[in-house]
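Below are two complexes that have subunit A in common, paired first with subunit B and then with subunit C.
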Partner chain A sequence: MSTSKCDDQVTLDHWYAIAPIAEIEGAGIQQTTLLEQPIAYARNSARDVVVWTHEGVPGDVPDRNCLPVRERYGYVWTTLGAPEHDVFPIPEYAEADRRNIHAATFGVNVSAPRVIENFLDMGHFPFVHTDILGAEPHTEVKEYFVEVSEDPDEIVASNCKFWQPMAAAASTGGADVDYIYRVPHPYCSVLYKSSPLDESRKDVIAIFVQPLSQEQVRAHMLLSLLDDTNNDTDIRLFQQTIFGQDKPILENQYPKRLPLDPRAETPIRADKSAIAYRRWLSEKGITYGVIPSAA
Partner chain B sequence: MLKLYDYELSGNCYKVRLLLSFLAIPYEQEMIDFYPGKQHKSPEFRQINPLGQLPVIDDNGLVLRDAQALLVYLASKYDESGKWYPRDNPDLLGQISQWLAFADAITGTASAARLHDALFYAHIDVVKARAAAHELFRTLDEHLFFAEEGGQDWICPGDHPTIADIACFPYIILSEEGGIARIDYPAIRRWCDRFKRIPGFVVMSGVFPAGPAADDRAKVAVPGQ
Partner chain C sequence: MMSDLQSNWYPIASSSDLPRRHVYQTQLLGREFAVWRADDGYVNVWENRCLHRGVRLSIGINNGTDLKCQYHGWRYANRTAGCTYIPAHPADAPARTICNNTYPAQEAHGLVWAGETAVGAVPELPGFEDATVLRAIPLNAPMDLAARMLLGYSWEDGCKGQANADGSVTVTAADGTAVRVFLQPMDSNHSVMRGLINRPASGKERAALLRRHSWLMQELRDRIESRAAAQDAPAPYQPVIAKVSDDLVDIPALGAAALRAELRVQVARRELTAEGIVSLRLEPVTGKLPTFQPGAHIDVHLPNGQVRQYSITNGPGETGHYTIGVKREPDGRGGSIAIHDTVQEGDVLAISAPRNNFPLRRDSTHTIFVAGGIGVTPLISMARAMNAQGLSFEFHYFVQSDDHVAFRQHLGEFERALVIHKGLSPDATGATLKEVLAEPGFARHVYICGPGRMLEAARDIAAAQGWTDETVHFEYFANTVEVDDSTAFEIDLARSALTLQVPAGKTILEVLRDNGIDIPSSCEQGACGTCRCGVIKGDVIHQDVCLTNAEKAEGKSIITCVSRAASERLILDI
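For the complex of A and B:
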């Protein structure tokens, strides 16, 4: 086995979404990479999803020595290690009246933690997602709460409020939007935002980042929305437009790996969730896709 | 009304949106689920374009495909100033056609590298695509440098941009998404900034507007005046 592959056991011992389930149907054997390990996936003759590692040539669908597989939220998840828990829960996904849509799987030339940190950031909305998720002069990130819980092991940022001209495909105008962010996995985040249709419930947008290497990822985006007007294409394209705006910002961050030393980059008050996230990664002992702080 | 079969993240569709915006032509968009739906490869869409490619326009029954062809058609038909595609100037038309072909080569290299990196087009030899894009960028950078030396702002001579500028701009400005840096092409970077300041310029996802510097400079009161 090549020595360049991931040797961060903490990172290895997590589940990773590697492809939307819909992409597997009838497509034969497909290939991707997880933490520098080439892997292949397909349905076998019993119609089960099979994922396996290989070194260059995937061969036929094997009947043993396969990786563990979970099918969750419309994606195939696997692991190269031994995760302590199952894939984290997103209970809203099972609600009958929600539209669960795979928005996109995009490649981005950046580390996984940079993608998550950008996902958590509200400060860039007016400047990067101009006239959609923000607009000048509504640039203030108001005080919000950040909690790190142990059981479940996740970060929750709540009471986030931001004025948005076009918060979702179903929006009809500007609105103050409430956000809650969960980070239940070092490279995944789940966002809850006010539904334009039902003020008592929230739309869910989740990002599941599959690290190809320390500085290249595949980002899988799930939408679980209350929307009875737009078709799937409109909903997807809205989200793709948002992500397409983030992409050049992400790819122009240097260093591409996330520095965990608190002195490496200068945070402002709006970065409260990012500070908690970096500390959380440090405490977990994550070394993949980051620049660990000096001991 | 003119209809554009469109996909937001497509640079070729962006070329058409740019010209329509510069000319202030109203149009309706039919959004195609290019990814992940591959709607452009569906039997229904192949009735509209047998090649299964975007963009396509339907102008009151005239259905046309190919970004460069659409620029030629739309400018010829709707640009009353005649400046974007000067039909009565053979010298300029020859040069515009030459750079339209060049723009297609940029699509075949810089856009291909972007598809490889962002949408996992595994069959593309990305190293080769990037190297070929750099060769094209070097050629254009030199051309623009000498144009600037001669007091020219645009790819083809004259005091107004042409559809050659529109055809070249999208996949140059998106090149970094395919791992093709523009740091070594200062004349291209200056041209991109000028392009973004053409009245009617619109962005697409992944392209940001020019800073307000040029406007501000005009507004700043000169001391003593």
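For the complex of A and C:
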């Protein structure tokens, strides 16, 4: 809609994953967009990742006026503002026996918060991910807990349970799966789910949404799994199938921006985490990718 | 200006755009619509947005009676657009009604007409009674410009265009053939030409006619669009997104009733077993169903938030499902209508474990079952159990007519023990009951279930003919007593060592619940007996229909959902 660049300072002052690190190797200068700002990224002669803004032509790799860069969880992160904190932690990523895989980067024509809300949602499993993450008649969303903490500033939904026919690429049959969701960033979420291979630990799936504009995003998906049997391609294909099922639903949501007015849509108890998320965004004063609640 | 446009009728689809079970997407004045025809022919024009999470309903599934959203399986009913099923919450469904936004719609002249706030009749089209609907031609141009340029539409020499008061254009040829074109304003710069030609056509002739006008209108479209491209595009319409009502904002709290609905079942089969009676076969979603006894009932949590009790009709050994029968009660409180109109095969329902307040004695020498109407359901289960054991019984079933006989297949198992009494007047029913209940005797029992009046008549006749209270067993569907809750009194709970005040307007059951004492309950109107409790001391005003007269006189039990103290104080065995 709006052609002017993002003027939401709260949104600007966050870190954003803009590309998997693996894509940079030997690829020269690459371009993408962040919050309507064209940016380019490459490795410089010192093999450091460099990210810079431009207005249409990226030019050569600059040696100054570059954007801040972090390399975390296999992705290049940058910011157009001045984040107060570093990229949020995912301690599991460093565990030695985990498979850390970049599953996919999906372009989706929808706002970033709609993607996060869908990521937090269990009720759609039997209808959108039929016979994989859910199946009728196992449609009930049981009571779960939602907490919003201040330090760290994040939402945690715990004690989430859902019956899944095929919870992961490594599953051999249906199981009641435990989920914990974290929302440590307005446009990122980390999910912990029962591992089919190790009862005491959890697989980690994270989504890092890169807003191209208010109504277009790229969603980067990280897997940190305890799977030692499937190959990377099978694991990626599984996750891509799931996201491929979500994409047409997301692109058919109207309005594309997430409405924060409590009277815009109708929540039910299963949407507790979404209600907390909308409230959290409102309290942060986020205006990008949302329809703010009239004061 | 906008409001004038909104009060007009516009054609938004051809009737042929709505084949069976399809959902058609279109737009009017900037607002998207999902348009679908139910199996009964009704055309629904709804805002194209599920009110839950905004997903387009045009990607939903038209089930013939409702539209199912692709995202979470919510179902919205034909006509009302009211939500009838939320799969995520089989128990404790919201009692509030979530409704999608609907718009006035009519079907006439082979077209579907709608308007945001349209009232009255769609335009009359004299001379187009036997018309053929032409192919719709969309174009990127404002409606008014298209209408102006349509005046020059021509398929042969001598065509004359004329603007009509309703905004449409009629073009007439020398031979009287006429084409009338209406414009659908999709948005300020995007319209659809929807034309009719005043002659019937079919087969190859129709195809040729459609092709010819489609071709000519496409040519006109190109001219209109190039004109439109040369002028400034008007600003798009900004349809107002209506807010949902205030009472839908907060998520409903988890109710106490939901905690007692411990089982989840799926409606495996739903069939009409008699006029106005559906049977539902309920199978477990996971695991096994608990054991039931003949005469037991279950609480069924309905999609409209109500909880209703239904007897299990199963025979012995049928443990893989519970089958219930539900009569449509148009004047009831809505429970039976919810089941008849909204519950479908495949739906998940929350139910309680079976409870039996109507137990069957099997130490009788002979048992007489007296069923009236839908009261047959618990008695079917009982008689099937007796039949399987080879015990002696007879089964009298009073119905209005042959069409009202439910569960025929099971009744057939009773063979000569079954007597169906059809269409009797109250007097004739009384006379028949006198004959049926003529012979009380040692170890002979009678079980009665049916409408209140018949049940009372049967109990009176039985008593008059010498049946003792202990041999007459009955179950009411509903309490027929007018309940008085205007008294205030005190209750002592002997086992919990608590003293509580029961004020006017509150029941003993409610006061117990308020104080964290959860005793089982079901119908909560004094009919089922689930909340029965022992009385140690004090006098009771019985206002229920489940205790026998002897039990009431004895005063050792109280039905806590309706009955109260006659004295200042009751000591209860809790």
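Basically, the second predicted complex is superposed on the first by the 292 of 295 C-alpha atoms of A that agree within 3 Å, B and C clash if a C-alpha of one lies under 4 Å from a C-alpha of the other, contacts with A are read in each partner's own complex, and residues count from 1 in each chain.
By definition in this document, contacts are C-beta pairs under 8 Å (C-beta built on N, C-alpha and C of every residue); 3 or more make two chains touch, one makes a residue touch a chain.
Keep in mind that what you see is a predicted model, and the values were worked out from it rather than measured.
Judged by the touch definition given at the top, the superposed model places A:Glu23 against subunit B, while subunit C stays out of reach. Of the two partner chains, subunit B is the only one that A:Gln245 touches; subunit C does not reach it. In the superposed pair of complexes, A:Asp234 makes contact with subunit B only, with no contact to subunit C.
In the superposed model, A:Gly285 makes contact with neither subunit B nor subunit C. When the two complexes are overlaid on their common chain A, residue A:Pro68 makes contact with neither subunit B nor subunit C. By the document's definition of touching, neither partner reaches A:Gly59: not subunit B, not subunit C. Of the two partner chains placed around the shared chain by superposition, neither subunit B nor subunit C is touched by A:Pro152.
When both complexes are overlaid on chain A, the residue A:Lys272 reaches subunit C alone and has no touch with subunit B.
Residue contacts after overlaying the shared chain place A:Phe106 against subunit B, while subunit C stays out of touching range.
Comparing the two complexes, residues 248, 252 of subunit A contact subunit B in one case and subunit C in the other. Those residues of subunit B whose C-beta lies close enough to touch subunit A in the complex are 7-9, 31-33, 35-37, 39, 117-120, 122, 176-177, 179, 204-206, 208.
Residues of subunit A that touch subunit B in their complex: 20, 22-23, 31-32, 102, 104-109, 218, 232-234, 236-237, 240-245, 247-248, 251-252.
For subunit A in complex with subunit C, the touching residues are 117, 123-124, 126-128, 136-141, 143, 163, 248-249, 252-255, 259, 261-272, 275. Of all residues in subunit C, only 32, 48-49, 51-56, 59, 70-73, 86-91, 94, 98, 241, 243-246, 248-249, 251-252, 254, 264, 266, 285-286, 346, 348 touch subunit A in the complex they form.
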